[in-house]
Amino acid sequence: MLESQILLQIAWTSVSTATYYVLFAIAFALTLKVAQLWNFAQAGIMGLAFYAMYAAMLGWNWPHPAGVAFGLAVAVAASVCIEVWGFRVLRGRRSSSLMIFIFAIVFAEFIAYLLTLVFGTEPQTLTRSIMSEVHLVGGIAISDWDLKALTTTAILCLALFAYLSFTQQGQFLYAVADNGELAELYGISANRAYLVSLVIAAVFVSFGIYLYGTRASMIPTAPLELMLFAVIATILGGIGSILGAGLAAIFLSVLQSASILVIPSQWQGSLTYFVLFVVILFFPTGLRLPAWIRRVARAG
Amino acid sequence: MEYVYSVLVMIGIYTIMASSFNLIIGFGGLISIAHPIFFALSAYASALVNLHWGVPIPLAILLGTLFAAAMSVMLSLPSLRISGDYLLIASMGFQLGFVEVIKNVDFAGGAGGLTGIASIYSGPSRSPAFVVTTLTIAATVVSVVHWLTHGEYGRAIRAMRDDEECFASLGRNPMAIKITIFAVGSALAGLAGALYAHYFQFLSPEQFGITQSALILTMVVVGGMGSTWGPVVGALLLTALPQAITFLNLPPSVMAPLQGMLYTGLVLLFLFVRPAGLVAKRLGQ
Amino acid sequence: MNAPRAAIRVTDVSKRFGGIVVAENVNLELRSGEILGLIGPNGAGKTTLFNLICGIHTPDSGEIWLRDQPLSRVPVYRRARLGIARTWQNIRLFPTLSVIDNLLMGPRRYPGEALLAGIFGARTRRADAQAARERAEEILARMGLSDARDKTPAELPFGQQKLAGMARTLMNDGEVLLLDEPMAGVEGQVYETIRQVVRDEASAGRAVCIVEHNVSFIRDLCTRAVFMFNGCIEQSGTMEELLASDKLAELYFGGRS
């Protein structure tokens, strides 16, 4: 009886913890799909968004919605800048993928150092206390944070799904993802689609990092590791599948939480990397989803 | 004087690191950031076999170097089998993962670091002897990399990077070349690491993180990727430059990120303003 | 003497890319000493068939044999070492290498490839390298390219690039030679050179397969021709037989009969 309660609790907590991983993974998978870009700069965007919110909420005592809006604005602005003055310039020069990789990863590192310089290496959170009110439902603790996270994530995912499936703009993104040059021939600007995908990614990342920051503490180098998680989920979900990346993020989060039962806590930190290797070794093209899910994903 | 010696040793060690990383990334076109971890694995291996089993230091250094090469195959073989993109991702995981492992294993000193490593030389002329040894080895490494990338083997590397499919259809094995390049580059990084361990006699897992990756990448990009002398110039410049900042006497909490920003900022600058680096490679070479 | 097995046998090979069928139940034999013409409109799957034979694509079903050896588990580079050499429709010389260096990448055994063997077997390696160089010079002379040996591909006129691509393929002295549109866009002296080389290679006992649109070239050189359309082999026989067929005229020339 007690056992099953604990298991249920772990399941619930890991699913609600998965919310921000899902957002990070979807952001990463989207830019990979549309722009064929392994956007490691995303870690930099995550860091900027977090510390912008942090400055606004705890430095200047803005209310949370205003703080989130500020972080969002910073993330979107930074994404537009790196696309327009970074990736686009490199693409225009026909730089090798090596150069583009280096730019993305070094940008993320640069931001990490900048944030360390300004904010230090002390772990920070977005709220003074990361405890939130808890309700007991059938013996399982459900916190306000859980509900907020699940709602936010659900709304964002549905909005993205609707945008991609039912708007012309969204269809353009798919067209560019399938064949950028061909899309150009039909008058769809590939550059514009890349920009849009990076902006959407920035929105997802900002909300994700807000959820993260109201739940756990952050240091300037943490986004790199959080991003690695998103990368693993993207590979595991099958490259090119946004839904797959989201589902894989949930799966990995549950796996991580469940592992507490079997792995000593000091090795928890290494688990992500271990999973990375297992994924690259055994599931380089992702897990195959059941046929009906793939059908839904294709429709979307 | 001791300070000057240590800077010279560091220049030698970074020359080895930058040259060998250039072999991997500049000549081989293999994108990995895990170079410092091979340095670390060999440094620890060499120090530990000497410390625990009393293996003589030169042999320990050789073992460390071979260990780094073997570990590099563990990383490159599975990831390159799939595609070049995976190597970068896997290398990030490999690097961060092994730093985590080193922090947690007690026999390697754990998070506090490993102390009491034996020195190769002792006595009053220890440091000059070290300087000579390190710089000689560095010069040898630069020549080896040059020889590798400019002879028959270098011709194959260039052809492979020009057109891998066509290269394979002529009977050449691109995979073997990539894994060899990666292993040789990593072994050389390991050699640098083992030398480092037996000179500074102290290792800490903190030293082998992303900052080191950024530093070595900066040396290669600023110096000139794919040229023999580029990384040497880069290593000289970027070992000397931060020494200049140390005279500013800034607190470490400012110093460390400032250095990091300097390295990464330089890479970004060069990427856009002078992508070929200070020593541009000659065309057709 | 027993009739020798065909150098290359393609048995029931099918391949599709997404929805597009590029090979369907293809059966083909390529015998030593013969020159087989492979004709068909653009997009018929001729290049794809070469890619299947040399291992760049793996068939969805069916098998490809070199003599008695099934090739499906043999990677591209090993097939080349076993003696399957091919040219490319779009030449694909290595742009950063000189012409002679391009050729030196072509032997079945490349002296500079195995690093350790190179270090420990320095003497045999040097002998190999010398032999390869001599062979390359010889082939260049045969192609009339000796003056171009140290130029980069971009410095050569198109015809000479074609010759250089073919020369590089000849460095592989194996049994099978696959030529993908060697004549497209060339004329005059280059045309004559290529024709002569193809003849010589076949009479030296190699199995040659040529993709070509130039009908007179095929009629002149090929002992046998097969006609491909939409991934299927529609007909095979002598060129005369093929040209006499209504079906071919209909498919190839859009019913211009």
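First chain written, first letter: the chains are A, B and C, and each begins at residue 1.
Just so we're on the same page, a residue touches a chain if its C-beta (ideal position, glycine included) is under 8 Å from a C-beta of that chain, and two chains touch if they have at least 3 such contacts.
These numbers come from a predicted model, not from an experiment.
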item: Neighbouring chains common to chain B and chain C, by label; value: none
item: Chain nearest the overall C-alpha centroid of the shown protein atoms; value: B
item: Chain located farthest away, centre of chain A as origin (C-alpha); value: C
item: Between chain C and chain B, distance of the C-alpha-averaged centres to the nearest whole Å; value: 43
item: Distance from the mean Cα position of chain C to that of chain A, given in whole angstrom; value: 49
item: Gap in Å, rounded to a whole number, between the CA centres of chain B and chain A; value: 31
item: Complex interface listing, chain C residues touching chain B; value: 54-56, 75-78, 80-81, 86, 88, 92, 94-98, 101-102, 104-115, 118, 129, 152, 168, 171-172
item: Residues of chain B defined as touching chain A within the complex; value: 25, 29, 31, 33, 78-79, 82, 84-86, 88-90, 92-94, 96-97, 100-101, 104, 210, 214, 217, 221, 253-254, 256-258, 260-261, 264-265, 267-268, 271-272, 275
item: Complex contact set, residues of chain B against chain C; value: 148, 151-153, 155-156, 158-159, 162-163, 165-174, 176-177, 180, 184, 284
item: Residue numbers on chain A that touch chain B, as the complex places them; value: 38, 89-90, 93, 95-99, 101-103, 105-107, 109-110, 112-114, 116-117, 120-121, 221, 224-225, 228, 231, 235, 266-267, 269-270, 272-274, 276-277, 280-281, 284
